[in-house]
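Two complexes are shown next, each including chain A; its partner changes from chain B in the first to chain C in the second.
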Partner chain A sequence: MARSRSSRRSLLAGSIMFAPYLILLLLFGIWPIIQATITSIGPSIVNPAGGLQNFADVVADVRFLPALMNVVVFLLLYVPIMIIVVSVMSLLLDTVQGRWNLPLRLTYIVPASMTGATAVLIWYFMLEPSLSPYQSALHALGITQGNQIWRQGGLAWIFVAMAFFVGAGNWIVVQYGSLQSISEDVLEAARIDGANAWQIGWRIKLPLIRKYLVYMGILVFAAGLQVFVEPQLISGSVYTGIAKDWSLNQLSYDLAFQSNNLAGSAALSLMLLVVCIIAAIVVIFRTDFFEGTGVGKK
Partner chain B sequence: MKRLAVALVAVVAVGVALTGCSSGAPSSSGKPSILIWADTPRIPQATEYQKEMKGKVDVKIETIAQADAQTKISLANRAKKGWPDIIFGAPADTAQFKDPSNGYAADLTKLVSKKIFDGFGEGNSDCLYDGKYYCLKNDLANTVLWYNTKIFAQLGLTVPTTMQEFADTAMKLKGTGFSAGAYGDQLYYAAFLQSSECPLADLTAANTVRIAPGDSKCTRVAKTIQPLLDAGVIDKRSPFDAGFIKDVAAQDKVAMTIGPSWWGDFVIRPQASWNVPAGEIAAANMPAWGTGKDNKSGAYGGGVFTVSSHSKFPQAAADAAVWMTTSNWMATAATTPTFPAYGPANKLWEARISKDAYYANNVYTAMAAGANNISQVDRPVRFPFNAQFGATLSADINNGKSLSVALDDYAKSIQGLAPQSGYKVVTK
Partner chain C sequence: MTTESIVLPGRGEGIVRTRGLGAVTGRVVVWIVLAVFGILSIIPMIWLILAPSKTGQQLNDNPPFSFGSFEQYGATWNNLLSQNDGIILKWMANSVTYTASIVVISCVTAVLAGYALAATTLPFKRVLLIITLIAMIIPPVALVVPLFVEISAIGLYDNPVSVILTSSFYPFGVFLAYIYFSTSIPTELYEAAKVDGAGEFTTFFRIALPLSKGLFGMLAFFSFSAAWVNYFLPYVLLQSQENFNLSVGLGFLFTSSPALNPLNGAQQSLIGRPEIALASLFLAIPILIVFIASSRLLVRGVLAGAVKS
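The block that comes next holds the complex of A and B.
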């Protein structure tokens, strides 16, 4: 009896604690998805009959394939760079204990305080050969004109750089935090067994924080798939339109507000959502994401 | 994170808009109340109207970015409330707003007197759809020939009056270090393709658009201009390109350029831009492609006021749009930067610009000559006609592709986009 009462009480406590999240999830997650689903099969300017044809219309749109390719290239660059650099930097940060650790952590976070819009301006300034403080470096690389930088072939790299510097610092500090959760006993044992710093990093620390890296990978992938601010703002500045409909999210935005096609826009957004969910499910179930706490596992 | 950032920007923007709103007159029952959405340069006009109407009409003003006009009206359409009574935007916005799928734009034919429409003359033709007016044009941005009298005198050049003469004159600049302008953006369209009447948004029926880059009016452009690009006497960069400004324009090396009427005050003159010294710059009539009526101008910019079909006070709203585009105050205010589309107003505006000592001649003459002569072959359309320049046409030109390839790429892209906005496309 006592046991079932305590389990009922913990169920109640759990429900109370979960409720705020559930309410937000319903209001700002589930309900918009339902709305989008209804909108996506409604009538559109190109397809007055509505229905699933809207999805086919979006895929057949001349802007769809180029935007998809851009986003794929962006993700192929962005996700691995984020994971590798963040892992390496947080491992290095973890080895620097003592008085330099705190200033270093601060330094990593500073670039992240620039939001997308500011970052775009700063990068424009840095990369424009006639304005850049690194003019001589750019000239040494043979870049003397803005249009050698701001051309369609290389935009993915620029957007990756922008997104990387906005996002990486935070993640380095977060992963440093997860490295802190590794028990000193484990590291001590490794050291006694003769592991050097490289082996400890590669064979002990990284496997132990793997699930946090997986978690980061999912979020970074989702953010990358929805890349919007960087190309949208660049397109609105000096090189007007250069990255117009560059990403799928921009296409979704333009479908809604320029092509007067909310149904198509909703259809595209749902497609992005499905890709995100599938990617998350695959990654979660291919790893031990939900098993134990990893570090303390016996 | 990005969505969050966008949401935050939106919240701030709404906050700014609300602050603007709260400065408006308090609304009271009985008298009409209207809401104006306009971009920053139009705010002094709107504020003056608010003052003049005090006690008669409650005028509220909200600042929006011109580029957001369609987005914001789409959102209001979705919410089925919150429309402004009049909005400032591009002519292409009105093309969208008057479509039944949007339905925002009111037919002004009956709300605005014939005298006003007559005063506009050709100036309001962007707003004309099937014999009805759906907006009022604020300003005209027709292209003229801007030239530097000092450089022309130094090289012994005469002012070209035809495109062939323009090309010949430009060729004489070869090796002198002077330039005949940079055209690697929308200007290539406005200066050459549109003035040549190349059919790229030619509405042959209400929802049929002719996009025909193979037309002789298009091919003659590349034939005339490509040699200038190859010879380096015109620049493949954008006239706003930081490199072009630094290396050429700000060195006072632009001997001549085709550009819209607002360029004198906003591109050529400002210190932070081309910074050409006073007393050098003059304007001449737009060079003609051919004889007779083959002498059209292009246009780069030029906004319109559209009135809401949802307005509770349609007459008060239409009157506001009329005042914003035709008033003497607007025409004479130092804050009114651009060439008014309304004939009587631009006559008043003339008084200011024609006396401006910065210019070497009376630039108004050339502006006025082209104002009622803007090509009407391409019409405002619902697909992103202008925005697509940057994605294809100017990107190609900047990257050194040939002008005919650049035009073909552009035409192909809008041929693909037009059906998405409900147009049938004709390519021949």
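The block that comes next holds the complex of A and C.
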């Protein structure tokens, strides 16, 4: 009797504690998806009948395929570059313990403070041959005019550079932290077996932080799929219209705010959201990242 | 020496090599790579700090890392203030208010929910946890258009409350708190308190909360860094200039002034490149200070600490 009363009390207390977050979850996690689903099959300016035709209309939009291709190219560059550079840099950082380790880490997180509009400003100056600190390097590459860089074909590289610049440092520090969790005994055993620093890094450390790298890769993929701010701001400032509707999210934004086609915009957002949800489910159920956190089946 | 005898011949050769000249070369290469990456990381920040010390003309003509004058910082600031009767101050104040509200609401709700998941007999725990994980992995940008649809429907468009509430939804924080309360604090501690007759709330406030300073620090850090630079969501949910945060305001200066494109905006605007750089600096510096102050938190390994292998 006493036990069931205390467990009922615990249930009540737990529910009260969980309630504020649950309200936010329902209001701003679940409701927007339901509302967007309803909107996406409602009547639209191009399709008064509504229904699933809205999804077909978005895919058939002349801007859709180019935007999809841009995002695919962006992801094919961005995700591998992030994973490789972050792995290598965090492994290298891990080999230099001592007083220079902390200052190095601090410099690496500096760029993370320059996001959004700041990043666009910085990159405009870094890439403009007449203003850049890398002027001589740019000239050596034969680049003397801004428009040699800011052109359609090279935009994916520029946006990758921007996103990489903002995100890489933080991830290097985070993965360096992951490396600290490897037990010293394991590394010592490898050293006794005669493994050199390169072998320890490649054969021991890297496999041990693999799941953190996979987790990062999926997070980076999901975020990259939604690329918006950089092309949007470049298009609205430095080179007007150069990256208009460059990414899928920009197209979604334009459908809602320029074309007055909220249904189409909601349809496109939902398609992107579904991809992200699938990515999330893959991490949760198909990787061992959340093992032992109470998510897996008992 | 004995160690070399037990490895394969090929590897043994490798060891001999790396212990000689190769090892030294290897160290030098590692240091060069690490140092170059560090220099590349701080060059833009140095540029950004120097830029507002110069006039627009000097920014174009002088070397990128030249210093203008301290007086010019003041002149640049005054130009920035001239924009729309000092709306920059309003944007800064908005950023502070929004961010503070978001940090408080998101951290408090996350700690409570994390504790409820870890230590109470909440029903449907596994489902709630999985939904929280999915929400945590989906980038917030993915929900911007759906949130816009919802916020317009309930009449909160262009109302700062919409930005504060939507940004306070913090599944990552709930997950961190859940992991913290279920691994870092021994469950025996809660059990003991309950055996002594303490209710859930007493246990939470007397036992769990006093042990959660590190957790609060980490939650506040992530919540702050996301909220302070939040761009897309407020950009979509807010319309009036006086409601913008600094991030959206900066984007507005970008696209409305002739600073970066002479075709844009009023030609007589005082907003040039140094002014934009100064506004960017105001956006970047608080984040930088918080990052540097919290570097100890990050070092311990956010992922490794949160998810024990």
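FYI, the second predicted complex is superposed on the first by the 255 of 298 C-alpha atoms of A that agree within 3 Å, B and C clash if a C-alpha of one lies under 4 Å from a C-alpha of the other, contacts with A are read in each partner's own complex, and residues count from 1 in each chain.
The working rule: contacts are C-beta pairs under 8 Å (C-beta built on N, C-alpha and C of every residue); 3 or more make two chains touch, one makes a residue touch a chain.
Given the structure is predicted, the values throughout are model-derived calculations rather than measurements.
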Which superposed partner A:Tyr239 touches (first chain B, second chain C, both, neither): both
Partner chain in contact with A:Asn261 - chain B first, chain C second, else both or neither: first
Chain B versus chain C as contact partner of A:Val173, first or second or both or neither: second
Touch count on chain A, higher of chain B and chain C: C
First (chain B), second (chain C), both or neither touched by A:Arg151: first
Touching partner for A:Ala117 - first (chain B), second (chain C), both, neither: both
Which superposed partner A:Leu131 touches (first chain B, second chain C, both, neither): both
First (chain B), second (chain C), both or neither touched by A:Trp198: second
Partner chain(s) touched by A:Val229 [first = chain B, second = chain C, both, neither]: both
Touched partner set for A:Ile109, first chain B, second chain C, both or neither: second
On chain A, positions contacted by chain B and by chain C: 115-117, 130-131, 223, 226, 228-229, 236, 238-240, 256, 262
Contact footprint of chain C on chain A as seen in their complex: 6-7, 9-11, 13-15, 17-18, 20-22, 24-25, 27-29, 31-33, 35-36, 39, 89, 92-93, 95-96, 102-118, 120-122, 124-126, 130-133, 135, 165, 169-170, 173-178, 180-181, 192-199, 208, 211-212, 215, 218-219, 222-223, 225-226, 228-229, 233, 236-240, 249, 252-253, 256, 262, 265-266, 268-270, 272-273, 276-277, 279-281, 283-284, 289-290, 292-295
Contacting residues of chain A [partner chain B, same complex]: 45-46, 61-63, 115-117, 128-131, 144-147, 151-152, 166-167, 223, 226-229, 235-236, 238-245, 254-262
Chain B - residues contacting chain A, complex: 1-3, 5-6, 8-9, 67, 70-71, 74, 78, 96, 99, 101-102, 184-186, 236-238, 240-243, 245-247, 382-384, 386-391, 394-395, 398-399, 413, 416-417, 419-422
Chain C - residues contacting chain A, complex: 3-4, 6-7, 11-12, 14-15, 18, 26, 30-31, 33-35, 37-39, 41-45, 47-48, 51, 59-60, 64-65, 108-110, 112-113, 115-117, 119-123, 125-126, 128-139, 141-150, 153, 165-166, 168-171, 174, 178-179, 182, 194, 199-201, 204, 225, 229, 231-232, 236, 247, 250-251, 253-255, 260-261, 263-264, 276-277, 280, 283-285, 287-288, 291-292, 295, 298-305, 307-309
